[in-house]
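One chain, subunit A, appears in both complexes that follow, with subunit B as partner in the first and subunit C in the second.
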Partner chain A sequence: MSNDKSSSIIKPTSKDVTFIIKRSNGPGFSSYWEEFQIPYYPNMNVVGALMEIQKNPVNGKGEQTTPVTWECNCLEEVCGACTMIINGKARQACSALVDKLTQPIRLAPLTKFPLVKDLVVDRRVMFDNLRKVKAWIKIDGTYDMGPGPKIPPQVQEYTYELSKCMTCGTCAESCPNVNEKSKFIGPAAIAQVDLVNSHPTGALMKEERLEALMGEGGIAECGNAQNCAKACPKGIPLTRSIARVNRQTSVYGIRSWLNR
Partner chain B sequence: MPNTYFWRKLHSFLGLFPIGVFLFEHMFVNSLALKGEAAFNRGVAFLQGVPYLWLVELVLIFLPLLFHAFYGIYIVYLTKNNVLSYTYFRNWLFYLQRITALVTLAFVAWHVFVLRLGFSGEISYAAVSQTLSNPVVTALYVIGLFASFSHFANGTWSFFVSWGITIGERAQKTTAYICAILFVFLTVVGLKALNAFV
Partner chain C sequence: MAEKIIIVGGGLAGLMAAIKIAESGAKVDLFSMVPCKRSHSVCAQGGINAAVNTKGEGDSTWEHFDDTIYGGDFLANQTPVRSMIEAAPKIIDLMDRMGVTFNRTPEGFIDVRRLGGAKYSRTVFAGATTGQQLIYALDDQVRRYEDEGLVSRYEEWEFISIVQDDEERCRGIVVQDLKSLEVKVFPADAVILATGGLGMIFGRSTNSTINTGFAQSSVYQQGAIYANGEFIQIHPSAIPGRDKLRLMSESIRGDGGRVWVYKDGKPWYFLEEWYPAYGNMVPRDIATRAIFKVCVDMKLGVDKENKVYLDISHLDPQDIKRKLSGVVDIYEKFVGVDPRKVPMQTFPAVHYSMGGLWVDYNQMTNISGLFAAGECEYQYHGANRLGGNSLVAAMYAGMVAGPKALEYAKGLPRSSAELSSTLFETARRKEEEKTEEIFNRQGKENPYQLHQELGEWMLENVTVVRYNDRLWATDEKILELQERFHKIGVGNSPKCGNQIVPFTRRLWGMLSLSRVITLGALHRNESRGAHYKPEYPERDDENWLKTTKAEYTPDGPRFSYEPVEMSFIKPRQRRYDVAKEVTMQNVK
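Coming up: the complex of A and B.
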């Protein structure tokens, strides 16, 4: 690996990887594409390439530039922090292997979240949405509530899949109905409602969650493009969850109207 | 005031009942033309003899269509399509659902204006064939029929998902095949009936 900071033009060698990165200093600044030639090493991933740029921030024209800003954390596709658009599709930079990508590799920040800088976006809305639908199970109390209820193994198996969600936002990015014009809550929060509603203790708050999903921006704004389930890196059956919660909200809506 | 959920479900429901049912009824009456001019004219006369026709038309056709159309335009507006990055089949159908929505809306508005609201005189086989004697009009009808039928068939598939009726992948796949058959059936019936007038 060369750490040579000389400003002489870096000639791409066959062992260089070309990256074209969409950059911006943040909201209010215009964005531009910058090209980088990065020395290849075996089993390199996109995060590794970004680290190379950080060490030696020289662009493809050989000019000194600012290092590209990005986020990462777990480096094993469980935190979601490094989610960005790689060659047109949202995915995690840590699990994106250079060998498996067509070059030049284009990196861009997610478009459905407010931009912070370069490849960093603010995914806070993902967590706000979980709060909106109360995607937790209330077990705190002032006294011992006794042992938890038994959960049938089939339910455990199904909900385990849903529990893998890392709030990365890939599903929201892929969804045509999540955008600046719509208030749609997006697939992830709906799957988490499915998760906690499937739990016997969680189900005690089922109706509050369904109510939250029946307002503006709720589940009915899903238009069944079904990109989310295909895009989710964790293989979460999002469209199944959405349909399951659709059934819960439909039944709940009709029943509560008849009981009013 | 009903919530968003209610209006969305109403939009989806109206697409099938009564609009979808009306679509079938309309294709049935059109197909009477295959049995000859007189049969078609008798069918039209029967429909025009329905008591409280204006009320039936208003409640079962115009109001549902208007709501479905205007709320639908809003739904189309809320979308930001991305079929070029996410090239999945369903995503394409989702996109086409919005394209066919707009084409169908333009077609139905024009069709209703020309042959119903702005039409003076009696609707008859002769009058319809007269309208369709222009090949451009016939071509626009063919486009309009394709758009309406595919919008209806794919909308039916979505109806089952968004009401929470089809949940599993296999159930959704099976209804997709059924809706595809529905589309082919309506297209054949619709085009044959159209052909009976030209």
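Coming up: the complex of A and C.
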């Protein structure tokens, strides 16, 4: 950086919000922190601040820089896209309101997934995991066969909570057992097994799903840290799901042993 | 040779089409800008309409059909709407079998709620996140077919344009990998666009950031006809934000929420007073105009701003938890106030495009082999869409488009695999060169700022109330922005993960389509559904009961009009202050 830019340094005003953003051009490139001063407005959220940087990509030193790359879509915390680490905590940038955050606000990409660029990571593994555990209900076909089985409202109220999982990765990020050295599938996929296994038709394929969770990287690798349920932005009872599925795998394990 | 179908878009319409095609054993390449589970369908809240008549209210598919045609101010072709309405209860059964966690009655049946423009409870729902639950179920089914090798997913790839052969048939697509920015071409025997809405043209709306209408705009510029573009739905209730206008579901009113402002120091429930027959359950265009009148003309908005109260503080907290927690949580998270205790403050926001690509009853556009389904096409809502009808329309259109695209592909004299590779390579190179050209732009204009200007103009002049002089000025402004577009600078971000270059391309698409919307509105000198001109306050069936069709020319859209098909119901005056008159089903 040249030294003669001091005259163009933008002095933060009390109405500016300071962001310190971890940046990188991707795997193989070094990462660095870049500071930005964003003019404050009421009800500002982290996504709003990143949008301001797009419109005017100038850093805290007043230098022209490249706009920060990040993911977002729905901006109302139902799509899961804008998940990142904000002041040390994995959460959605859309629902992170500046007024409720300590400044300077530090943004960094999730650490449990391969980095793409700046704040973007590749969470494909989460979708692959859903495929691994066969998280679908095998219907005979889409032709008209009348209604599905009746479901008691109490069951619906429980499964609805599980079905709100937006595959954001917050649970995996918070889980000490999801790391480079382990193959642990993580809490989200296990909760989806609980969801599908709780459905009368889904239960018909229960064993296949349990088997997928009984091998390497399966449910046994949960260390019961219980961070996931606390971290989940949708309040999904992940630990309860893990316990339920764990019970199912134990019963299934004993049964298959007895039937050998 | 096995047929290959390409689907662009992984929302409800695209996923349903994929399932239908894979189920019959054919192969699908499915492209989506975002992982399908993050598609905009997740934002649908209130529910999905079907005349299931489980509350003993005497609902019927005829009533649902009549409400939809009446609610759309008679602009929709009636045959496809009728087919959709009749399929709706079966679609509910299907989604139920796929395991969607619909709310239940105490006995375990699927529960229903009421939405606007209807006298019956016919909206099936999963809390207030119905779209999310539906799309997850379809995504699960597609994953199953992926596992069986029938569906290949290309997520985080963006559609750029179609490939057309000498006979102008659609033969494939050119796409860009949004991570590497590599441009590739994929041949197919038929292509289905299921690319959703275009709210981003208005800068801020209830839509997700991917909803730029780019795919529609691109094929429009390649010769596809765009229909009824001027019909844009403004939802009566959203919460303002500088990044987004967050939807507050119509189901809030459906489940008992009341809209009011202070007048002479007392709460004034103006919808209930003005529309005694429907009250808070009037359709969206009616509610939005009433709110506009109260806030702008009468200056009675909350804090003198364009806001009204949406009140659920009188409702049973348990009921709120069971049915509305999804939206109530959004309000609480983004506004920081608990709606169970303090009335919400909401205001109208751009929400949905009734207009879209012109399609025939097989969902095929005027370009052979190019199909469209979902919000990107125009077929099911006329001049105003009823709450709860978008989800059913998206899935039904996907159910039609999938098999029809396959049927078309099977009937082709030559499959795309037999065509010369030069055709595809030429198309690919053309788009690659265009991308390179954007990379080289180093002018002074910032695409995000131009987008903001476009949005401000569109929002101000082409939404609730439209005046011809302002529409004219808006088109002038769009032309100016198109000029300035050529002076854009994209900086020097490296190629990998670059977001500004694809956004710049989308901006051109938005500018082109915004002219179709604005000029379509300028020409239509009447008021119908969501399109309202104080200078022409009445519906004019004699001159304007017709579908707008826009064709691209380098000098701007060329408009023509076609008559509306009305095989079942004759147009009648649309009003919501009194009960809708009964129509008889006349079997033809």
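Everything that follows uses one rule, which is that the second predicted complex is superposed on the first by the 247 of 260 C-alpha atoms of A that agree within 3 Å, B and C clash if a C-alpha of one lies under 4 Å from a C-alpha of the other, contacts with A are read in each partner's own complex, and residues count from 1 in each chain.
Note that in this section a contact is a pair of C-beta atoms (placed from the backbone, for glycine too) under 8 Å apart; a residue touches a chain by one contact, two chains touch by 3 or more.
Keep in mind it's a predicted model, so treat the numbers as computed, not measured.
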| item | value |
| --- | --- |
| Which superposed partner A:D118 touches (first subunit B, second subunit C, both, neither) | second |
| Subunit B versus subunit C as contact partner of A:T142, first or second or both or neither | second |
| Touched partner set for A:G62, first subunit B, second subunit C, both or neither | neither |
| Partner, of subunit C and subunit B, that touches more residues belonging to subunit A | C |
| Which superposed partner A:L130 touches (first subunit B, second subunit C, both, neither) | second |
| Which superposed partner A:Q226 touches (first subunit B, second subunit C, both, neither) | first |
| Subunit B-facing residues of subunit A, complex | 88-89, 174, 176-177, 179-182, 184, 213-227, 230-231, 239-240, 242-251, 253 |
| Subunit C residues touching subunit A - in the complex, by the definition given at the top | 19-20, 23, 34-35, 37-40, 42-43, 90, 92-94, 96-110, 126-127, 129, 132-133, 136-137, 140-141, 143-144, 146-147, 155, 179, 208-210, 241-244, 246-247, 322, 326, 330, 333-336, 399, 446, 448-449, 452, 491-494, 496-500 |
| Contact footprint of subunit A on subunit B as seen in their complex | 3-6, 8-9, 75, 77-82, 84-86, 88, 90-91, 94-95, 97, 157-158, 161-169, 172 |
| Subunit A to subunit C touching residues, read off their complex | 25-26, 41, 43-45, 47-48, 51, 54-57, 64, 66-67, 69, 72-81, 94-95, 97, 116-118, 120, 122-124, 127, 130-131, 134-139, 141-142, 144-148, 150-153, 156-157, 159-160, 163-164, 166-167, 195-196, 199, 201-202 |
